[in-house]
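Letters are used for the chains, namely A, B, C and D, taken in the order the chains are written, and counting of residues starts over at 1 for each.
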Amino acid sequence: MLLNPGLEGRIATTHTLYGGLQLILPGEVAATHRHTPNALRFIMEGDGAYTVVDGEKMTMSFGDFVLTPNWTWHDHGSEAGGPVVWLDGLDIPLISMLEGIFFEPFAQEAQSLTKPLNNSVGEYGKSGLLPSWQRPSGTLSPLLKYTWKDAREAVSSLSLHAESPFDGAIMEYVNPVNGGPSLPTMASFLQRLKPGQKTEPHRHSESAVYLAVEGNGCTEINGKRYEWSPGDVFALPTWSTHHHENASANRDAVLFSFTDGPVMKAFNLFREQAL
Amino acid sequence: MLLNPGLEGRIATTHTLYGGLQLILPGEVAATHRHTPNALRFIMEGDGAYTVVDGEKMTMSFGDFVLTPNWTWHDHGSEAGGPVVWLDGLDIPLISMLEGIFFEPFAQEAQSLTKPLNNSVGEYGKSGLLPSWQRPSGTLSPLLKYTWKDAREAVSSLSLHAESPFDGAIMEYVNPVNGGPSLPTMASFLQRLKPGQKTEPHRHSESAVYLAVEGNGCTEINGKRYEWSPGDVFALPTWSTHHHENASANRDAVLFSFTDGPVMKAFNLFREQAL
Amino acid sequence: MLLNPGLEGRIATTHTLYGGLQLILPGEVAATHRHTPNALRFIMEGDGAYTVVDGEKMTMSFGDFVLTPNWTWHDHGSEAGGPVVWLDGLDIPLISMLEGIFFEPFAQEAQSLTKPLNNSVGEYGKSGLLPSWQRPSGTLSPLLKYTWKDAREAVSSLSLHAESPFDGAIMEYVNPVNGGPSLPTMASFLQRLKPGQKTEPHRHSESAVYLAVEGNGCTEINGKRYEWSPGDVFALPTWSTHHHENASANRDAVLFSFTDGPVMKAFNLFREQAL
Amino acid sequence: MLLNPGLEGRIATTHTLYGGLQLILPGEVAATHRHTPNALRFIMEGDGAYTVVDGEKMTMSFGDFVLTPNWTWHDHGSEAGGPVVWLDGLDIPLISMLEGIFFEPFAQEAQSLTKPLNNSVGEYGKSGLLPSWQRPSGTLSPLLKYTWKDAREAVSSLSLHAESPFDGAIMEYVNPVNGGPSLPTMASFLQRLKPGQKTEPHRHSESAVYLAVEGNGCTEINGKRYEWSPGDVFALPTWSTHHHENASANRDAVLFSFTDGPVMKAFNLFREQAL
């Protein structure tokens, strides 16, 4: 199902963001390169694909959220027996508007693996615990993979008083070293709508791309209803009135999303209005 | 075993820090109060004691690390069948030197429980995931309990290249919202020494209190050897040459420690020297 | 003289910035309003115009640099006997691209004057000295007017070792409370080229708008030479190789400029290359 | 006049601070050295003495405020015809309590002068203007001398609404690069009491050392009145109720002071109470 009319396939865009489902075939390999746009992946189907970032290979399974931050060397491939599908999220429209796109191919197709498999999960994967020796000081997150198990449990265990009236139980994926957004220009979220939950409408000066991960539901945007089920991608334009509904009376619905909020907040441009 | 000669019981102090093992008897209750010194607890024996901080009750088991930050209302008690032992760590010597001690009793013995049991673990207990709605903006950690399971796994899964030559596999307990120390004046750590591991000597301008948690070993401080096994508490004075040894050939040794490093680092006073 | 071919009048723009000379006639009054784009003024001719920002009226004379930051109420007028000319600098292209434009008219034409004339210069006009009582904590600069006398002296007194090989003696106008840019999205500069000085070429991923203030000279941009004298406005597109030349053998040349550097630096997109 | 009974000469101390008037004789030279305690000077009598900090020589006249920050190489001397008197302010009691004192003599008596005379005033002496090229990024202030003329004008031009009810017109000497305190551990202030002004009483959890610079007045501390005139030094202990009075009906009174406020504020220990 495609919610943005006029676009081919499962793609949704805003003025700053691009989100699109991508099919990776067995044996496929993408050559190593780096660029100033930031990219993220959220795995939807299939096991056995991997991403390598700055010498660290990460395996990817359903629901895992993986980063390829600004100017990191990265490549990917698939050792799966069948097709793998993930959501690719990028800030290419933003970086292009800012005339800030730089790109560099790596000298070889594949980079060397200089760190253990899934290393950053071992080093940064326990909450409130950071390596004490030579902790990175930059703004990029050293945690590159956020597992589905942790994220799904987090939105389930959030207590009622910490829920948002507009989004239900919503958690942000953050840089564990400073609590900032997981990527400099994009904030990413997982949210859970309880069976039958209908959130209150609001609008805000950030745009977003959504991916339906679990369950069935509907998001109403400026009076138009977009029904979704797993694998659907849709965009929320800036300052659009919207709310979410879980269509099921007995199952959770879960949405992944990413926004340009960090850009708007950096310059006093963020505002939000309940309606 | 007591390593600080001249002190009664299991107590160790530096010019800024106090650490002492405390025995809590069944049915014991401490009345609610708050004070400017920060306090921490590391549980050594017994299940069934609890701490309440600002309306949140936390259960405590072996190896759990629990905070009662500066000026938070707190009380504790024990619903255990037998005695419970924990390490109490405080910055009372520091706050006293700075003439900054303020204390206030609560109007009632017990405060009301306004949040779910172990709430902060549910909200902040998954790495790289923070509640998106009404996230706290202050400097105090909203994560109040760091479980033994997570911390023990973290020091086990740290890869070799992230180990410190002076401390082995060492992780810092941090405020997940900003990556800063878990308490404003004290940094706390869990470190693992592999079987037979002997670290390299160094010294630094921060003092520390150590608690042996697992295994048997020895810390040499300024040429004097302090042997330790679980439950031993000892102090490392500022600028003292020291290294650690795991005395066992087949078991890990684990040390918990807290230091005044955040104070020294805040004012350009931190320095470290390999020897 | 107009350096941007194809534009009418004294206007220069980049993808993020707008700069244009504006003529203000005696008795002219602009009604009070506020908007999310940031604006700046650099006075080129005439005395007697004024700007009011959040209840503070500021007189403006040659060379004064005046801010109307994001979402502050502002209006202006002229009590001069003749025309006044200033450079208007805005980030409207940027805020428009980000879909972040909000605008609000004030209920009355003029706002009340709640502070003394030129108040912020009295409160924040001495370097290294800030009011101790109720200092503002936001990101907007409380210093709203930077006098020509101070800025001109600053570029004159800068010692040789602090000069840039690419820009000569260049100073940034900053927020005195935190040292950040004077406006959230735009950095502003005054630079002095000594008689006969020719700077080295470089390029960078920020765009700029320049205003020639004193002297005569030339800026070469991507191999094309743009000669300038006081009142000329020209734009430097992103990643364009450029250098500056003072055409006089015995007089200083002075350029005012503003750039989108704060935006690029906020997201790891700034890069610079000597050529 | 000496306000701290039991101390010899013009000295005042708190648990963290030391302040003492120092007499420098013609031809006197202090050898170059550096140490972790921070030091400040406020000149009271005589022209012709100088301080050198990291290769920059600074002349010193009445009312100038000069820094020798933590671990900077410094020496001083006098080329004056007669005696020079300044206030020496240090955080030695604090750094000693923290066991953080390190000291190093320079290889030669005098260091080389690598920068122009009074260079930092040229580079950082105009408010809201910072060098754009190679601006320092550390926490230490690059502005090392704050002139009397600027500071005296600043406390005179402060508008009524920016005055403190407890301190009159009071300005803080700050690091112009980040707006933080001029020294990491000590905040310094100049305050003006108008003729006949009597401030309201309050107390706070920071201690201070005061130097009377101009006029005659009185500070009441915990019910005891300390009368002062130029050259008097007195201490304000932590949490002491106090207010100031200008004894003259037609002249300003001016006080210089420094406090340990940055230390208390760094750890949530600052509190203030009007009385």
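Criterion: a residue touches a chain if its C-beta (ideal position, glycine included) is under 8 Å from a C-beta of that chain, and two chains touch if they have at least 3 such contacts.
For clarity, every value in this text was computed on a predicted model and none was experimentally measured.
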Topological distance between chain B and chain C, in contact steps | 2
Whole-Å distance, chain B centre to chain D centre, using C-alpha means?
-> 38
Whole-Å distance, C-alpha centre of chain A to that of chain D, is 52
Mind checking the centre-to-centre distance between chain A and chain B? Centres are C-alpha means, answer in whole Å.
-> 35
Pull out every residue in chain C that's touching 2 or more other chains.
-> none
Using the touch rule from the top of the page, what pairs of chains touch, sorted by label?
-> A-B, A-C, B-D, C-D
So in the complex, which bits of chain D are touching chain C?
-> 115-116, 119, 122-134, 141, 143, 146, 150-151, 153-154, 157-159, 161-164, 167, 170-179, 182, 189-191
Chain B touches which residues of chain D in the complex?
-> 15-16, 36, 70-71, 95, 97-100, 102, 139-140, 184-185, 205, 207, 237-239, 260, 263-264, 266-269, 271
